[in-house]
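First chain A sits with chain B, and in the next complex the same chain sits with chain C.
Let's turn to the complex of A and B:
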């Protein structure tokens, strides 16, 4: 273990811990914008700077490994001034339209502007104008709001392994871009949307939907597959308006395209709400209760079994069931119906 | 016995640009023609291409050596070759009016040449010529008689510090690298040289590539690297060609590849071309670039010496750093440590440019006072103007004013006045240079070359540039100087890499020493050096105007009127202060105040 002192408090951390992690362990709040504990440190926003005794200049705590005997200060007049300048610079090149931004209330930059009380801006000047619209079904890219934290690029590369976006240009013109500036054409997992600290990346499905007023958040489990990712549904009235996932759950906040964006079926009027039974060949489907449906299936199984033997029936289970459900399903067929004719849709 | 004649033509980029290859061809033709009548002369003559010797302003420079007596000619063009061959080579009578003058010798005699020593003397396209001047002796000695630890110790003792800008002690860095336990180590030569106006490394690679390669072999052995890279910009085609040739020749001689000098040591050197981004000279960005990533700096620690290329311990040194090593290993650490100043040992190659008589590439012992460089080697200010300042360290160095003219040029000296050694650029400024404009010029460069990764550099340099621009355009406001200072300090203190950390230097140093010029722009709306057009009024001196109409044609807003052969006039209510008329007038009749 390494022992260090941060803001007058002693803390012991394991080798390989960063100064930021050590500070967080003590409950000290260090501002960050480009950091995500699930990704490799990047050191771009320069907000997490701290002063370390013996070092001539402030260093970024998110990239600096803790060492034995380190004495760290996370707050000082100088650090405050540097961080404030950084936030002010970011705001000097950011549209001032939080009122109509779908990320309002959910934006690290907005929070920083508030915390540092930036009303006037000393650095008013040219602002970027990326007027290009990305035509894709799921993600709205408003590059004028991009703070170049690189989180989207890194999550796409490090977590998703897709590398659909990168950087181009230099200086003020530097930007996050798809290859050759074409429309985004990727897996649309939306991992990038989930890490973007501003309104630069949003889901088109929830754009224009209520942001916080009357919005209820409910933790639940995604029903799409057996992974059972933890999700949080944002609902407004009786409608699901957005799906998100917390970074501290078992799927670390990562979702796939279906889990993140495939929720419209919930409120779809084509959605089945009761079982349907077709009693005769060619006859129409008729609405039924679960009791009726299950009795009907059980009756058919029994008669088929009696007439043609156990191996005359087979079961095919769904990838949308949990492991436990799949286990019970095969048990039902093997032990209950006495056949090994049981399979799973994921094999086809 | 017949005399030996050696003709050496400068074939560096400067020499070629001035017509060096044509001069070379003219010599070949003249010798061929003369050969019929003077077969013996030609038999004993050697035509020889050499690299840059520093004084590019005088190119094409040609040395003719007869029996070891060397005469140097300047400004040679192909049509002059006939006479050189007939009079000097054959007739043994030097053409005195074409010889270089005393200033050529003062330029050279005040220098101490280690790295540049063989440039201009040997043919860079022939390994045998390098071997003739003891080339590869140091590498052979190191590999066959010394342990890696002894090599590192020697380099430490010599006091050699990195010539790429940081000035970090080379031997110490090698020691850090070698201390890692790894299955692979890499050595990289940084030949990216992105500073505008710098051509130190380019000249070394073009003029003596083997010295750099030999340095790399020594370094590779010291840290145990078996793979090396030379990262060189594609905009240096001649250097790239000569480097490839040199690597090939070295491999053929067994100095590279497997079992070097008959030992068990192997070293392969690969060439990686850079696409011309300034920031790719920064070591971590350079490493990212070799790995195929975008050239963006990475946070340190980890330092490359511990985790560099592909995550392995890596030494990255500058071309000039490597080119010093064969000399240090041949002549010893004490010899090297005796040159230079207390903490900065050896020499430094400097690209001397600006408003100075003798522009060119020079090499000085560390600690030489600025004054000596500018007035002895440089020959003083061009056109009898007054010296104002000297800008050192490339685009992110500082401006040093008259009051520090005795400053010793070494790492500590330059840093003590808010500038830096950088890679060795030195731009001399005179009274006609506006310091606000100069600082804007450098900011334009660093701003557009920022990689965009970190906020203070990407946006801070942009805002600094905007404030400077408005000051030079007469839109400066009360408080702008303080705002510039504050922002410059914040960018310096919170940027990720050296680019952002040093980009504010020109702003801070010009405010420190030339605050009055900023004030004149902001308060009196005047540019004392008469450079910032937007702050000037243009008018035509009636007694000097001949009425040629050139100014009228140059003016894009029709602000000038006048009859043919009659003095013209500028209507200042229409004038947009573009300065076109000033440039167009051949009679200096357009004035700006």
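Let's turn to the complex of A and C:
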């Protein structure tokens, strides 16, 4: 273990820990824009700078390994001034349209501007104008809002192993692009959208949907495959408007295209909304009340059981539905109808 | 599941997903993990980045091959031969874990004898994988400190599916890759709650918690709990229900949250069966192909509209929470089933709404494996069963101290070669294999209603090797007619080296070109799974 002192507090950390991680262990909040604990350190945004005794200049804490006896300051007038200037420089080339940006309220840059009280900008000048529209079906890419933190490029490479995007050009012209600047054509997992600290990447499904007023978040479990990813549903009234996942759960916040973007079926207007009964074979379905439908079904099963024996009926329960529902379903057949004729499609 | 249950006494994933990143070797067979379990695949990629060796055995060049140290392209239906010949190499080179075999297994001698014919050369002849690669794979797997096997429907949906699973189990036992972290035998569950539906007794031979219906003491326990007499007769497995419907012995069915009219192999046959029922009730959220055949359709709720729990592949029990109300008159499925239950038994207060938390408590009282789990614990965190007591932290990996069989030992089983039921011949010269794509899910009931997903993957296709396409004179995107002995569908050709020569692949999501009209309903004799992964087809230009 290594012992160091940060802002007057002692802390012991394992070898290989960065100064940023050591500070976070002490509960010290160091601002970052390009950092994600799930990815390798990058050191692009320069916001996590700290002063280390014996070093002439501030260094980025996310890329500096802790060493024995290190004395670190995460806050000083100088650091505050430098960080504020960094944010000002980022904002000098950022569209000032938080009012209509779908990431407003979920934007690290916006939060930093707020924290540093940046109203006017000393560095007003030329701004980038990337007007190209990407025609992919899931992700809106607004390059003008990109701060070149590299999170999207890195998550696509390090986590997803796809490498659908990369950097091109230098300096003011620098941008994140797809091969040859074509429309994005990838696995559409949306990991990039989930890590983007600004409005440069947003889901087209939630663009234009309510951002905070009346929005409710519910933690639940994804309904697709057996990975069991934890998701959070953002809803507005009875509409699901967005799916996201917290980074501290067992799937580490990563989702696939179906889990993240495949939720429209929930509010589909093709959903069944009323019980339907076909009175005789070949006749059309007729709408029924729950009382009618439930009495009819219970009566039919009971009479089949009485006439032809318990094993003349069977049930298929569902690998899509909850444990409680499946339990009660097999109990209905076993205890209610006296048969073990109950199975589901795991066998297929 | 039957395969692993016979060997270990439990058919679930032995280890946890997070442990994959710590594997030294990963052996993926019959699982297109990147497309079917994308988030589990991330852990595999992470392990590879950390230096783990990845062996992928699949007839198709699946996306995971890009990350593999070694890719074994075996012929469809030869999984157990491939596994047996790897084990033959392990024994020949003395790479087996003798201590593990002596202390924790039984049936070893007969098993060793059975491996004798499976030399790597015989393996090459049968599977098409070069003997040198079989030897390499055996060494990578057996020499790794901890090696995990991951498989899915690619090895189970065969007439010898149970055999394949048992061969996988043999391989892990032979090398002692069980009962410790980052190894094991791991069936990846294809749907959100396959594990849970099995756990809850959604199987014809067991009550909740895999307690056998034909054991008198267990029957008595459930009779007491449910206050009624119960049947000791094992019920019909789903695949046998089709015949029972057709011969008239099965007259009424209740299908809940499934779409077998599109997902069953040989669907023409099963649609005929469902139509011949006297009474069919379907409970779903959409008017599925199966619901269209029903006498009564009950509108259920989607996962976003109800409270409950799902149990994912790694035995992790997690909360599902209601975020919105179901549309129109649609109701929570639990409420619907409870209302029917009360009406059928003629007991219980119809005005009382069933509470999922107390249903869970009822199961926890009947199955010691989850006795320590309840909704207040699940509010804080998810828990992996077995979790027998309220202070138990849950179980990350199984069989640390013993296997769940009498005597606590795992059983080696000799696995002879069994051929697929329907092999290609002059009339039907191609092997058809089926599966899923990343952008769709199962019968497409949900994903094909997503505008984005449908834009990326709008239509059915048949993957065909360029050499076969040349012979047929078809170009990419041209229409083809694919027929088997059971049906014919029309769909576009996707000329691709993903499939080997003489093998074609069709995803089964598309109702307008349903792959399962072609597939065979030949069955595994033990677990009664159908052979959706191999059948013979012919391909013509329309």
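We adopt the following convention: the second predicted complex is superposed on the first by the 270 of 348 C-alpha atoms of A that agree within 3 Å, B and C clash if a C-alpha of one lies under 4 Å from a C-alpha of the other, contacts with A are read in each partner's own complex, and residues count from 1 in each chain.
Just so it is clear, contacts are C-beta pairs under 8 Å (C-beta built on N, C-alpha and C of every residue); 3 or more make two chains touch, one makes a residue touch a chain.
For clarity, every value in this text was computed on a predicted model and none was experimentally measured.
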item	value
First (chain B), second (chain C), both or neither touched by A:327	second
Which of chain B and chain C A:82 touches, first, second, both or neither	first
First (chain B), second (chain C), both or neither touched by A:221	second
Which superposed partner A:166 touches (first chain B, second chain C, both, neither)	first
In the superposition, chain B vs chain C on chain A residues touched	C
Touching partner for A:184 - first (chain B), second (chain C), both, neither	neither
Which superposed partner A:37 touches (first chain B, second chain C, both, neither)	neither
Partner chain(s) touched by A:251 [first = chain B, second = chain C, both, neither]	second
Shared chain A surface residues [contacts with chain B and with chain C]	none
Chain B-facing residues of chain A, complex	41-46, 49, 57-58, 60, 63-65, 78, 81-82, 85-86, 89-90, 92-93, 122-123, 125-126, 147-148, 150, 166-167, 169-175
Of chain B, residues touching chain A in the complex	277, 279, 294, 296, 298-299, 301, 447-456, 458-463, 466, 483, 486-487, 490, 493-496, 501
Residues on chain A engaged by chain C in the complex (per definition of touch)	137-138, 158-161, 187-189, 204-205, 216, 218-230, 233, 235, 237-240, 250-251, 254-259, 261-268, 270-278, 281, 285, 290, 293-298, 300-302, 304, 308, 310-348
